[in-house]
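Each chain gets a letter, A, B and C, in the order it is written, and its residues are counted from 1.
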Amino acid sequence: MDPLIEARALTKRFGGFVAVDGIDFVIRPGEAFGFLGPNGAGKSSTMRMIGCVSPVSGGTLRVLGMDPAADGAQIRARLGVVPQEDNLDTELTVWDNLMIYGRYFDLPRAEIRRRAEELLEFVQLTDRRDSRVDPLSGGMKRRLTIARALINEPEVLLLDEPTTGLDPQARHMLWERLYRLKQDGVTLVLTTHYMDEAEQLCDRLVIMDAGRIVAEGSPRDLVATHATREVVELRFGRAAEQHAALARVRTLAPRVEPVADRLLVYTDDGDATAAAVTADGVGAASVLVRRASLEDVFLILTGRTLEE
Amino acid sequence: MSARMGSMRVLPPLGARQRPWRMVERNVLAYRRTWYVFLSGFFEPVLFLLSIGIGVGKLVGKLPFDGHLVDYKQFVAPGLLASAAMNGSLLDTTFNFFVKYKYSHTYDAILATPLGTGDVATGEVVWALMRGAIYSTAFLLTMVAFGLVPSWWALLVVPVAVLIGFAFAGAGLAGTTFMRSWVDFDYVTLALVPLFLFSATFFPLSQYPAGLQAVIRLTPLYQGVVLERALVLGHMQWTLLVHAAYLAVMGAVGLRVAARRIGRLLQP
Amino acid sequence: MSTPPVVRVMEREARVLARLWRGMVFSTLLSPLLFLAAMGLGLGGLVKAHTGRVAGLTYLDFVAPGLMVASAMQLAANEAMWPVLGGVKWMKTFHATVATPITAGEIVVGYVLWVVVRAIGASTVFFVVAALLGAVPSAWGVLAIPAAALCAGAFAAPLAAYSVTLDTDLVFPVIMRVGVLPLFLFSGTFFPLSQLPSGLRPLAAMSPLWHGVELARGATTGTLHIGADIVHVLVLLACVGAGFAWGRRTFARRLTS
């Protein structure tokens, strides 16, 4: 299948600052593709280039088989964009936001009305259609932004940090809607710095750090390739104790990563390692065994956590 | 640079020309629910006409103008109309444009659609001119109702008001592309107030010292005031074309500067 | 000795202003002086040629105190609208303040007093320039400054109380155009009230700005009428008091519910 989006040595510079540093990736029709990385990794800049609202500084980018520099308007006509910060038109009502957005795509009014009814239903905002945008909750605004992005029935939906700032309930509701879109065949491209979101939504993802891609694959493959099966988390009463214990713990397992408030011990047998740690008298205040996640992959690859 | 120009230049053949009108449509929609804000824009020049034109006019009496004596309110009304055209157009292309792009991120959402930066800028200018045309028509009718319009040349008052709006829309939009924060808009205020007060709006050029007269002859609003006053009073001369050309060039140059810079501004 | 809470509120505003002084110079100092030059000198020249004197004064003497007080009103109206709504909606600085030992009532009083302090500053500059232009014939003229300040408070207090209840700033331009501008133009600022149609005169006499202008004009021209002036002062004080009483309630409702 032809790729929907293809980047080769894609670069974005702002003056002397390199935000995206020569990355390659391919996104295929129907998949949910993620850019995972901490703030400032270059994810949003990449999304803006895909969305044809930020000129490419170097390398090549093809979106829907076209060149964003030459065919921006045609490409944008087939994309839906959910930006990181809601940019709903606060001078308009919920309904008018959908209507005028449809007009920007030059859709006939009757058709926009039909779709807007459906979309309000889809994002469960039908009863707020005549409300102004301002009083809506964060979750409602994000859902309306998604409805707005779907008004042109896009082939690709770009979502920049779709659930940042939402409460857990609103997040789960949003994930469920996105999952339904994916089932309907919409290609999802999203950025996130939440590893649980990446694991929930993405078929495939790239991990970005400082403008570069450091790993690529399905969430499961990434964990299998770069992390161990399990992780033992050790917490200590005081930072000094953790510091003192580090050398001892390192003799018990091949890979130990210290983070701000705990030590992460990478191992294929968590229970055995936990037992060894306890037997050795390291003096951890708490010992927790869990499965490895994308967070661990990022930590192992970059030495830092996603939240930093 | 070339990539940016490219994204502005090549647009799909179909519908490209209608795109700026989508901005107008959006603004109409926004004002549909806040019609009273729109309506209130009409009052400003009318209130000045009542207070300064009629109230203070009684203290001023008649003025010599081009060899005739004209009533002060007749003298001041076209000046107010010209100033209102400047005001509205400048506010739309400076404060309002800046708030929409920097704070409400209205344009970010629009630029994610087939509309491009050129469409947004053109649409906003067209909207500012349409608004100006509506207000100046209403003001002209008010003047007629007060019996202040003796000449049929006044039919050209609204087109000239749009020309004034065009000149200041160009200047305003060009200026806005250089603004960093809203604090910079103090300079807009700094320009607006003196132009409003000292463009022969409220009293003729003869009231100024000779040196200042020469300066004022070169300022932009003065051109508009001279034009509107001549049309309302029916004192037509060929030299009026120079004033009109001044405004046309000012608007064209401003929009040219703005077009070069606005892509970079809205799509870094 | 501890600083009174109201003064602490004012201190915060002073720090903000220290960063934004340029805007203040342009809009609150320069702009009124430009009006004085245009109206007092330019238009005044035409009046002189035609009628000579207005209410026994040169037009410059007549219009200077009017513009001084009207400018104080405009400053107060501006400062009691956008920044107040900003304090509870966009920047939420009042929410931050009320999280300290300072109360909602102290915020409204402190804020309004701060606006009055600014009005005193702007009026003083205006006064000095007007005096240099010869527009202040009487030594009593200095009293025009407190008159302008009082008038600023009379507008700032009720407007701040109202602004804090709003959710959008849409209505502010409407207030400026339909409320403040007519007062600016028809409160005896540019021409005597006696020139208004008789039906409108009582209406204009209800304008707090007219009371302020009468006080200030009496001072700069040395024609004080103790009885009438006491009434003017009382009316303005009543506006301030009513504004504070209302503001205590609206600020508390917005900030502590």
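One rule holds for everything that comes next: a residue touches a chain if its C-beta (ideal position, glycine included) is under 8 Å from a C-beta of that chain, and two chains touch if they have at least 3 such contacts.
As the structure is a prediction and not an experimental result, all values here were calculated from the model.
In this assembly, the chain whose C-alpha centre lies farthest from subunit C is A.
When chain centres are taken as C-alpha averages, the shortest distance to the whole-protein C-alpha average belongs to B. For the pairs A-C and A-B, the count of C-beta pairs in contact is higher at A-B.
Annotation: 29 Å between the Cα-based centres of subunit B and subunit C. Computed centre separation for the pair subunit A/subunit C is 53 angstrom, with centres defined by C-alpha atoms.
Computed centre separation for the pair subunit A/subunit B is 46 angstrom, with centres defined by C-alpha atoms. For subunit A, no residue reaches two or more other chains under the stated contact definition. Of all residues in subunit B, those touching 2 or more other chains are 34, listed in ascending order.
Residues 34, 36-37, 40-41, 43-44, 47-48, 50-52, 55-56, 58-63, 72, 183, 186-187, 189-190, 193-194, 197-198, 202-203, 207-208 of subunit B are the ones that touch subunit C when the two sit in their complex. Residues 167-168 of subunit C touch subunit A in their complex. Put simply, subunit A touches subunit C in their complex at residues 134-135. Put simply, subunit A touches subunit B in their complex at residues 14, 51-57, 68-74, 76-77, 79, 81, 83, 85, 87-93, 96, 99-101, 103-106, 148-149, 152.
Considering their complex, residues 20, 22-23, 26-27, 30-31, 34-35, 37-39, 42-43, 45-47, 50-51, 54, 59, 170-171, 173-174, 177-178, 181-182, 185-186, 190-191, 195-196 of subunit C touch subunit B.
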